[in-house]
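In the two complexes below, chain A is the common chain; its partner is chain B in one and chain C in the other.
On to the complex of A and B.
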C-alpha cells in the first residue's frame, strides 16, 4: 500500500470516526445497562439532526449554538422511549428478543412520523466552512472541530463511567440489580440518567452526520447496522471498547472504500461483523454445537 | 363483478396477499417452531426473486424450472449462514440475519452486469399466457402454492420432525442428551425454509415484472414480522389473520375506499409504516400472543 493512500485512509477515517464513536458509545451504554439491542436508538440520531437543522436554518441559530438544544432534545427523547415504551414492556415481562422487535416497531413509528412532518426532501445545515489543505487532503474546519468535540465528549463519558459515583452505580446496577438495590441505589434514577446520556451521545452523532452531508428521515437508520457492528466488535456493553472499535472500523472502512468501490467497503465490514459475533460467542463460552 | 375479479388489480392484490401469507407462515415455522429469529427474510426472498429472473432471462430456462433453481440457490446460501449463526444466542441471530439481508441488497445493487443494478432487471413475462386472464390464472397458481405451504406447515407441527423441532426449541440440551443431533436438524430446517422463502421470491418476480434493488429492502421483513406478531405468533391461523389485518386493511381498503386528495395520498405509505410500527409496539406491550392467542414462550 503506498504511503499517500495510507495517509488518506487515516485522515479520512479519523474524521469520519467522530460521529460513529459517539453513536457507538450511546448504543453500548443502553446495552450495558438493559441488555438488549435498541434499534430505536437510530432515531435519536435522526431527531438530534432534525432539531439541529430546524434551529439552524429556520431560527437562524449558529451551528455550534444549535448543537446544545439538539443534543438535549435527543436525550429527552431517549428518556421518553425508556419511560413510555421499554420500561413498561420490561415490567410486563416482554423477553429480550421481543424487546428488539418492539424497538424496530418504535423506530418505524418515529422515522415515518418524521417523514410525514418533514417530507423526504433533504435539509442541509447552513454553515460557512473554511477549506484547509492538510497533508494533501482538503478538509474543512468543521470536521476538525467535530473531531475535537467528539474526543472531548468521549473522554467525559469515560470519566463518568469510571471516575464518578453515578458511573459506579450504573456499573453496579448492570452487573447485579438485586445487589445494587440492596446497597441503596435508586435504579430508576440511574437508568434515566444513563438513557439520557446515551441519547445525548446519539444527538451529537446525528448532528455531526447531518452537517457532514444532509439531514434525511433515514439518517440514523442507515447507520444503525454499522453502529451495532462497532459495538459488537468493541465488546458489546464496553464504553472504551466502543471508542477504540469506532476509530478502528472507521479507518478500515475509509481504507476499503478508497481502494475499491464504496459498496465493497460496507460488505467487507459486515462480513467482519459476523466474524466478530462468532468470535465473541466462542470467547464467552456460550457456544453450543 | 366478473370483470373486477379478472382485472389486473384484483389479481395483483390477491397474489401479493398470498405471497405475504406464505412469508409469514414460513416465519412462524422458523420463529415459533424452530426458535430461530430470522430478520433476513427480505434477503432470502430477494435472492429467490433475482436468481429466478436471472435463470429465466439470462439463461432462457423455463420459468417453473427457474423457480426451483432459485429456491435451491437460496437454500444453499442459507446453509453456511445457518452453520455460522444458529448456535449463537437469539439477539446475535437477529442482528446477523439483518446484516445478511443488507449484504444481499448491497450486492444486488453493485453487481450490475448480473442483476442490472439500479437500472433494473426485466421484463419478466407472466408464465401462463392465456390472454386477458393471465393475471388471475397466475394469481390462483400462487394461492395454490400458499395453500400447499399451509398444509405442509400444519402437517409438520404434528409430524415427528415437528415435535423434534419443538423439543429443540424448548430444551435443546435435554433433546441432545436424548441422542438427537439438534444442531444439524436446526441447520437443515432453516435452509429448507429459507429455500421456501426463495421459492416465493421467485413467484413474486412476474408480479413485479421489473426488478429493482430497492424492492429487497428490510420493509418486506418487517411487514412479515408485524403481521405475525399481530396475528399471533404461535398459530398458523395467526399468520393468515395477521396479513389480512395489516396488508389488506391498510394497503387495499384504505386506498380503495377512502377518497384522498393527491397530496394526502402521497403521505399514505408513510402513514401506513408509522401505523405498523405503532401496532407492533402496542401488540407486544398489551397482547403479546396476538389476535389468535395461544401460549407464549419465553426465552
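On to the complex of A and C.
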C-alpha cells in the first residue's frame, strides 16, 4: 500500500475515531447496565454540542473552557432521561423492546424540541485554528488537543471501570443486580453514576463532532447507527471493546473510503457488523450447549 | 399518590405543549387577502380595482422548514407570502389567493407533502416541485390528467430533467435554469480563472449526480483534466477521508455539487488536511451564511477564491419595485438580500403565474400553460409589475412580463436559459455578487455538444 495513503488512513482514522470511541463507550455503558439499546442516547451528543455552542459562540467562553460545562450538562440530561422516562418504565415491567421504542420516541421529542428552541439554522463553534503539517499531512492544533482529550477520557473510563471501587460496583451491578444489592451496593446511586458517565461521554463526542462541522438538531441522530454498529462489533457491553472497535473501524473505514468511496466504507462497516453478530451468536450458542 | 398526580400533570403539560407546537403556524404568518375596495399600492395604474370576490385560489407551497435546506425556509416562505400579498391587491379572475399552505418537505419528503397539499387541501397551485419529484411524478401526472391541474410553477424545477414539463399534461414551469446550466457556469468560470485540472465532488443526490456527469464530459471538451470524482453522502459531520483525495491530487481547483453544510464541511476538512490556494466552486445554495459557518473564514481565505453561480438582477422597474417591498415586508438575515437568486426568481415566476391565470381566464393547466408562454415571450407590451400587467390584460392588451431577472423565455418543456454571474466570498465572509458573467450562449455552446442524458424513464 502506498505509504502516503497509509499515513492519511491512520491519521484520518484517528481523528474520525475520537468522537466515535467516546460515543460508543457511553452507549455500551447503558446497554451493559440496563440491557437495552437506548436510541435517545444520540441526543446526548446533540445536547452536549448545543450546550457547548451556547457557551462558546453565544456567551463568548473560550472553546476549551466551554467543554467541561457542556459535558456536565449532557451527563445531567442523561440522568434526567433515566429518572423521568426509563426508570419508571422499567419499574412498571416494560420489556426491552418497548424500552427501545420509547427511546426512539424520546429521541424524536428531544430533537424536535431542540429544533423549536434553536431553529434549523446551523450553529458553528468559535475557535481559532493553527494549521500544522505532521508527516506531510495537514492537521490543526485543535484536532491534536481533541485527540489527546479523547484518549485521556477513554483511559479514564477504562481505569474507572477496572481500577476503582466504584467501577467494581458498576460491573457488579451490571452482572448481577440481586447479588450486588445483597453486597450492600446501592443500585440507584450506582445506576445514576453510570447514566451520568454515559452522558458525559456522549457530550464529549457531541462537542468534538460539532466543533469540526456545525451543530444542528440532527447531529447525534445521524451518528446513532454507526455508534450502535461500532458497539456491537466491539462486543456490546464491553468498554474496552468499544474503544478498540471505535479505533479499528474508523481507521478501516477511512482507508476504504480513501481508496474507493464512502459507500464502500459504509459497506465495510456493515460487513464487520454482520460478522460480529454471527460470531457473538455462535459464541452464545456454544456457552448454552 | 401525590407523586402519581405530579407525573400525570407533567404528562398532560407535555402533551398540550406538543399539540400546541404542532399547531404552530408556518415560519412567516400567512397573508390574508385584502378587503374588497382596497386601493392597490406602488406602481399600479390609476383606476378602480375589481372587488375581490369568488372562491379563493388555493396555494400550496412545498416548503423547507427542516433538513439540509431548512435554513432557507423563512425566506422561501416570505417570498411566497409577499407575492400573494402583491397579487391580492387585484387578484387574478377576481378571486383572492388564499394564504399559502407551507408544508415542510424536509422531514416527510416532497411526495408526502405534495399529496397533502393536493389531496387534503385541494390546491390549485402546487409551488416548488423539486428534486424529489420523481417520487410522485406518476401520481401527479394522473391527477393532472383527471383534473386539469394543479398548476406547478417552480424555482427548483431545474432539479428535474429538462424533458419533463412545459405542457398542459405536465404543467411544470420553471423560474430558474437547469442545474446542468449551473454546472456549466461553474466550469466555464473555472476555465476563465485558469483552472486546467479539477477534482469534482458531488453529493449522492439525483440532481447533483447529474451535474457531476455533465461536468465530467464538459471538462473533457474544454481540455480540463478531471483528476478525481468523489461522491459524498449528504448530512455527515466529516468528509476527511474524501477530502484527503483532493490534497493528494493537488488540482488547480475543486467543483462541488452539494448542500451548503456539506460543502462547507468538505472545504474545512480539505483545508485542515493541507489543501490551499485552489479555485473552489460551490453551488448557489452555498452563497449564504450557513456555508461560511460550516467552512469557516480561515478555510475560505486559505483558498485562492471560493466562488458560486447566481443570476444577475436587472436594473429595471421590476427590481426597484421588488427590492423595496422585500425589505419593507420582513426582516431578512444579512445573507438574504433582495438580489439573492432564490427570492428574485421566486418573485418573477409567481408574478408570471398570477398574470397567466388572468390571461388564461381559468385555473386549468390546459389554459394556464399556453398563457405562461404567451406572457413570457416577446411581442406584447412590456410590463415590469403585476399590477401593470393585470391592468393591461383587463384592457385587452397583450403583455410581456420582464421581471427582476429579466425575461423568462420558456423552452417547449418549460425550462429557461439565463446568463449566470459567478460571485465569490470576500475575505471578511460577506458575499460579493459582482463577478464573471457566463452568458447563455457560451453555456449552450458546450451543452449542445454533450451526449450525457438525464432521464427518469
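Just a few scattered comments:
Everything that follows uses one rule, which is that the second predicted complex is superposed on the first by the 285 of 289 C-alpha atoms of A that agree within 3 Å, B and C clash if a C-alpha of one lies under 4 Å from a C-alpha of the other, contacts with A are read in each partner's own complex, and residues count from 1 in each chain.
Criterion: a residue touches a chain if its C-beta (ideal position, glycine included) is under 8 Å from a C-beta of that chain, and two chains touch if they have at least 3 such contacts.
Note that the structure is predicted; figures quoted are calculated from it, not measured.
Annotation for the three-chain superposition on chain A: chain B and chain C clash. In the superposition on chain A, contact of A:218 is made with chain C only, not with chain B.
Of the two partner chains, chain C is the only one touched by A:138; chain B is not.
In the superposed pair of complexes, A:164 makes contact with neither chain B nor chain C.
Residue contacts after overlaying the shared chain place A:88 against chain B and chain C alike.
In the superposition on chain A, contact is made by A:116 with both chain B and chain C.
Once the two complexes are laid over each other on the shared chain, residue contacts for A:176 go to neither chain B nor chain C. In the superposed pair of complexes, A:228 makes contact with chain B only, with no contact to chain C.
Contacts of A:257 after superposition on the shared chain: chain C is touched, whereas chain B is not. In the superposed model, A:107 makes contact with chain B only, not with chain C. Chain B is struck by only one stretch of chain C after the chain A overlay, and of the options 8-16, 26-34, 98-106 or 260-268 that stretch is 26-34. The intersection of chain A residues touching chain B with those touching chain C, taken from the two complexes, comprises 88, 109, 112, 115-116, 261, 263, 266. Across the complex, chain C meets chain A through its residues 7, 18, 21, 65-67, 70-71, 73, 106, 204, 230-233, 235-238, 240-242, 244-245, 247-248, 261, 264-265, 268-269, 271-275, 290, 293-294, 296, 298, 302. Looking at the complex, you find that chain A touches chain C at residues 4-5, 8, 12, 15-16, 88, 109, 112, 115-116, 120-124, 129, 131, 133, 137-140, 143, 209-210, 212-214, 216, 218-219, 222-223, 253-255, 257-258, 261-263, 265-266.
Residues 36-37, 85, 88-89, 92-98, 100-102, 104-113, 115-116, 225, 228-229, 232, 261, 263-264, 266-267, 270-271, 273-274, 277-278, 281, 286-289 of chain A touch chain B in their complex.
Against chain A, the residues of chain B that register as touching in their complex are 37, 84-85, 87-92, 94-96, 98-100, 102-103, 106-107, 109-110, 172-173, 183, 222, 225-226, 229, 267, 270-271, 273-274, 276-281, 284-285, 288, 298-299.
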